[in-house]
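Structure incoming, see below.
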Amino acid sequence: MPDIGIGLVGGGYMGKAHAVALSAVGAVFDTPLRPRLEVIAASSAESAERYRRAYGFARATGDWRDLVADPKVQAVVIASPQSTHRAIATAAFAAGKPVFCEKPLGASLDDAQAMVAAARASGLPNMIGFNYVRTPATQFVRRLLAEGTIGTPIWFRAEHTEDFLADPALPATWRTRGRANGCMGDLAPHPVNCLLALMGPVAELSARIETVHATRTGPDGPEPVTNDDQAQLMLRFASGVMGHLFVSRVATGRKMGYSYEIHGTKGAIRFDQEDQNAVHLYRAEGPEATRGFARILTGPAHPDYAAFCQGPGHGTGYQDQIIIEARDFLHAIHSGQTLWPSFADGLAVSQIIETAFAASETGRWHPVPQA
Amino acid sequence: MPDIGIGLVGGGYMGKAHAVALSAVGAVFDTPLRPRLEVIAASSAESAERYRRAYGFARATGDWRDLVADPKVQAVVIASPQSTHRAIATAAFAAGKPVFCEKPLGASLDDAQAMVAAARASGLPNMIGFNYVRTPATQFVRRLLAEGTIGTPIWFRAEHTEDFLADPALPATWRTRGRANGCMGDLAPHPVNCLLALMGPVAELSARIETVHATRTGPDGPEPVTNDDQAQLMLRFASGVMGHLFVSRVATGRKMGYSYEIHGTKGAIRFDQEDQNAVHLYRAEGPEATRGFARILTGPAHPDYAAFCQGPGHGTGYQDQIIIEARDFLHAIHSGQTLWPSFADGLAVSQIIETAFAASETGRWHPVPQA
Amino acid sequence: MPDIGIGLVGGGYMGKAHAVALSAVGAVFDTPLRPRLEVIAASSAESAERYRRAYGFARATGDWRDLVADPKVQAVVIASPQSTHRAIATAAFAAGKPVFCEKPLGASLDDAQAMVAAARASGLPNMIGFNYVRTPATQFVRRLLAEGTIGTPIWFRAEHTEDFLADPALPATWRTRGRANGCMGDLAPHPVNCLLALMGPVAELSARIETVHATRTGPDGPEPVTNDDQAQLMLRFASGVMGHLFVSRVATGRKMGYSYEIHGTKGAIRFDQEDQNAVHLYRAEGPEATRGFARILTGPAHPDYAAFCQGPGHGTGYQDQIIIEARDFLHAIHSGQTLWPSFADGLAVSQIIETAFAASETGRWHPVPQA
Amino acid sequence: MPDIGIGLVGGGYMGKAHAVALSAVGAVFDTPLRPRLEVIAASSAESAERYRRAYGFARATGDWRDLVADPKVQAVVIASPQSTHRAIATAAFAAGKPVFCEKPLGASLDDAQAMVAAARASGLPNMIGFNYVRTPATQFVRRLLAEGTIGTPIWFRAEHTEDFLADPALPATWRTRGRANGCMGDLAPHPVNCLLALMGPVAELSARIETVHATRTGPDGPEPVTNDDQAQLMLRFASGVMGHLFVSRVATGRKMGYSYEIHGTKGAIRFDQEDQNAVHLYRAEGPEATRGFARILTGPAHPDYAAFCQGPGHGTGYQDQIIIEARDFLHAIHSGQTLWPSFADGLAVSQIIETAFAASETGRWHPVPQA
């Protein structure tokens, strides 16, 4: 099997996840290319070198430009902060290299638009890191919807709730500064991508975005929190279906509350990432007395599960989502064809987030600009 | 123990529930009065007589005026359709008799206001039938909130979802005609009462109310549905807390989806009426490694449970809620003091529902008039 | 509707439950007879009088013989300790009165045999208080089994676990003295009745019965516990199916852990009384990808639910089980025919418990004597 | 980081899992050695070559002796059928190479004893593949027990239930032939290892092992099933605690029912592998009204979780267990010290299984020989 040289920017939370995924993907899936870990870049030469040793890359650099320029790097994976996405991606496309970029697509709508433009101009494969729609469970839900198992959807509710800033006594950090690092900037892209994947485009929305704990203790005393803690959106999908989204980083008790429920004319679906190997399905079929939500455990009968384990109910985890992403990115590189979810999908997400900020200001329904 | 003569209007779904409750309440609780089933009224003399025999009343009538006028009837329980509430309650107060009225308080905001005025003018005890806040579980949640167990609330989400009209092929009936019988008119009063009980007054709201299945087959062919199937409200409580409510009668798979969750700075609560004997409580206390939502089964340690059973986890049911209501109504009659929830509480609910209809028209946030 | 005079022996935990049930049953169900609360007996005249006022009986007595002899008492309900069951039941039959007796059937196998003999000799209706098999959920499970929904059963597991004596620091009381008050004597009859109802007769068994906390503090210092805390039984049903039962009164965290699961060739069933309004059903039907345990909420489509509430998922509770029992006892009295579960069913339960004690001694499999 | 050449025998279900784990482990954990995939062996040269390409090994062979003899192979991982374990392990030890062997330790007690003897004689690191005790959840449970969080254990119940042979119409295969491939031979080792890990040695047991479907259709018509479908064991641990184990491959509806519950004097624990990222913990602490089983989601606060993801509740899966195993095997090789669970632990498991077969014959309690 031919291999391909990968450059990875960032070695933190997601940098590590991608390093592991690139190491494992070739053994898990029958990929057309086998990744070769060429260069890792980080914010300093020292940290890059530490990551290199930890993850097994050939070379390290404190300057991502070296990585992009390296002739042995044939594709770039960006897992550095949102503020860096645009410059790196643009440079990589300019150097003729396919790009995988972690969500969100840049730090602003402007970034996202520029990145889509650069990707289009290059004609190169591009992909964005919305990993949660990759679970066998959520892929299966997409299939259920496509097959009409629950009839016509009439209501959609999602949330993405975590509690990492729930304690008001937690200090101010970069997370409490700047719109891109707020709950809408950082968490919302995942469920917004999810709702687009499951329900199609959003036509209009009304929103309320708020900072619950307006002040936190910074290094020099009390400091204003300059981004949001939680937000809710009422949605109208282009299909006519009504929906709701709630996102929060102050949701005490919730660790990974990426969850959704869909009511249809013939059934309903419920899913919660805190139990990521199960889909709850209700079908309005058969005698009333035997109807109920079935807890379906994922297994080889569900998308992308069998590659991880032959036994049903044995379960996949967070890391496996990233491996599935890596598989698709390798297919995209090999075929030269961008695969879903692309930068354009990332832009669609950013449009909704931007619209929500505007709607929260006016207190009215706003149409969502379509790509 | 002194007894008291009760007149019951209506012998259907709720009429029966009240008849059973009045029969049992004296043995369950240590009530100051023991109910004597005097007169039952229904829409015809025949049905009233049938109910009389079934429930054990002394007399029956096809005209509620007879019941109100009957000297042996010392208090009136109204369990007939919303359109009849106002006339019956007003007459009962005029005759000097305390009134318990099923939710909602009349068929319109106008009815509700008139009924509160009549109650106030009479100075007589009055009560409204919001039974779901009576469960040991939800009473316990009120206590948890009052005691600050979850710190300061910052988010509240509730729903009341059922699926009795989920099938688009179901025919048009009185349920699909007239605002008072729609989802907002019929189901919403319960969760709106709940959110007021748990979180206090609502300052403003934005809403979307909709009819999903606009036409159903009536006796003479296709017929327009003239009330709503589902609705959502974004809420701002007077306390500053943000919230959301969703109500639906077309929520396939949901049978009694009266549920809520509350995030606080120190904990969180989740409850679902489909598992009415459990409260899920998370407390941000102790080592991170042992934190999780505890499923607490109701028992003698929770409000109003011990009267039903000495064993914890043995469970109460729907009928028991109505028995708790009857106990409080007997106390109110005996003391001459109106007890919560009163007609005024029913009016507060109607105000929110009226405001939601207006807000759904404008697409904007509307302030909620306070009583 | 004709009424019938009832005498109730005992006004404690179960005495109250029966008093409430007798008050409510006529309104809940379309019974052939309406109970009239004539006489209540307790261990003293004072307590009996207190119960009389609380539950609304006409007369009270400190001697159950008065009750049995009272000409207005036409049927007797026994809710006093197991040691009293035999004498009271025997006297009631001798006086020509049908008897409902709380579980277990007397304090020993000898009592149970004598009581069945007395019942048979009298030809009078008799019933035993196994209320948990009365829930709509467990009645529904019996129907599922009868209809073959899960194919041929191949494994049955049950438990009845509570934690009222889990704390080793709890003092010695009558509960920790005497075999009849131990876990096998007091708790086991319920699940043993359940397994007979669901799976038919037990052919043989092997058992281990043990006292976990052998000493507790009594009024005069440390005192030996003279009955068992927990026990397990391996079972072979007459049908050939293998099974297991575990009972415990020291099962920390379990409040009402009456639960069972049944594996069949075409499906499986799971039930837990701590969520008594749900049955979990798996059917090996349709595509593998959509199979899972369905959580079915009880509703009007399930046995004996509709009388309590017209709405599905609204739930019944502990007290409602006793009302269902009362309904059947009234039918038995009216028809003169003993209805399930009878004293003979109580004896079958006692046989299994007796056999388990013997098997626990020998460490071998013992055949169970059939009635 | 120094690397180490690995030879892997078997490329099927578990062979793949180990290949992936060996590829990923160096990036996931800070291992002292980085695995180099040298040689893969399978039952034929063709399949071995196919696996080589799929998993990225340097060389392939149809004869495991080549692999053992290969000088670049410094440690051996055995993932071939139980019948092959003994010969391969013995040869590898003789060649001076550490061995990781999949469960169970050979096809018989005799094999297991010989393998332990060979391992001991060699003085080389050895490990057995009991992966389920490796989850962050079950590791956490071990910690809870060690710290006395639930007080003194008094009851332990475990099961390992799957349904891959539940359908009686499934044909005879190698799985239905030979004791080592039956439910006790194939599935039981996992939960037996688990109960030893959680509760310590078993002193004595009583058992019932059975073949539910005695005949299945083979290639030449009906064929007897020569191994067991399900089994139950009553246990007495050396600590005095009583326990129970049930194993089944015909448990319709159960996909990965490796689950257990432990009652202690101060708390209780419940776990089910079908929800492998959660531990349910009850603590008899604080007011009765707030006690309940807490569903604790695994996260960085739990053993071996943080290496997979920084976010709590994001979840690990089946494959991650094998990566944890690989990490420990590398540590064992590097230090020259055998780490838990060793071949000796595998033998202890085999002793219990052997004893269960004997006890099932006699119907009595049998002491378990201790290593």
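Per-chain residue numbering starts at 1, and chain names A, B, C and D are given in the order in which the chains are listed.
The working rule: a residue touches a chain if its C-beta (ideal position, glycine included) is under 8 Å from a C-beta of that chain, and two chains touch if they have at least 3 such contacts.
Chain by chain, the UniProt names read as follows: A, B, C, D = Gfo/Idh/MocA family oxidoreductase.
Being a predicted model, the structure only gives us computed values, none of them experimental.
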Chain B to chain D, fewest steps along touching chains = 1
Chains shared as neighbours by chain A and chain B?
-> C, D
If every chain is reduced to the average of its C-alpha atoms, which one ends up farthest from chain D?
-> B
For chain B and chain C, let me know how many angstrom lie between their CA-based centres, rounded off.
-> 34
In whole angstrom, the CA-centroid distance of chain A from chain C equals 54
Averaged over CA atoms, how far is the centre of chain C from the centre of chain D? Could you give it in whole Å?
-> 42
Find every residue in chain A that makes contact with two or more other chains and list them.
-> 254, 278, 282, 291-293, 297, 299, 312
Residue numbers on chain C that touch chain B, as the complex places them | 1, 13, 16-17, 19-20, 23-24, 26-28, 30, 34, 53-56, 162, 254-257, 273-278, 297, 299, 308-320
Touch list for chain A against partner chain B, complex = 150-151, 154-155, 157, 161, 163, 166-168, 206, 208, 210, 212, 230, 232, 234, 236, 242, 244, 246, 248, 250-254, 263-268, 282, 284, 291-293, 363-365
So, in the complex, the side of chain C touching chain A is made of residues 140, 149, 278-281, 283, 287-297, 299, 301-302, 312
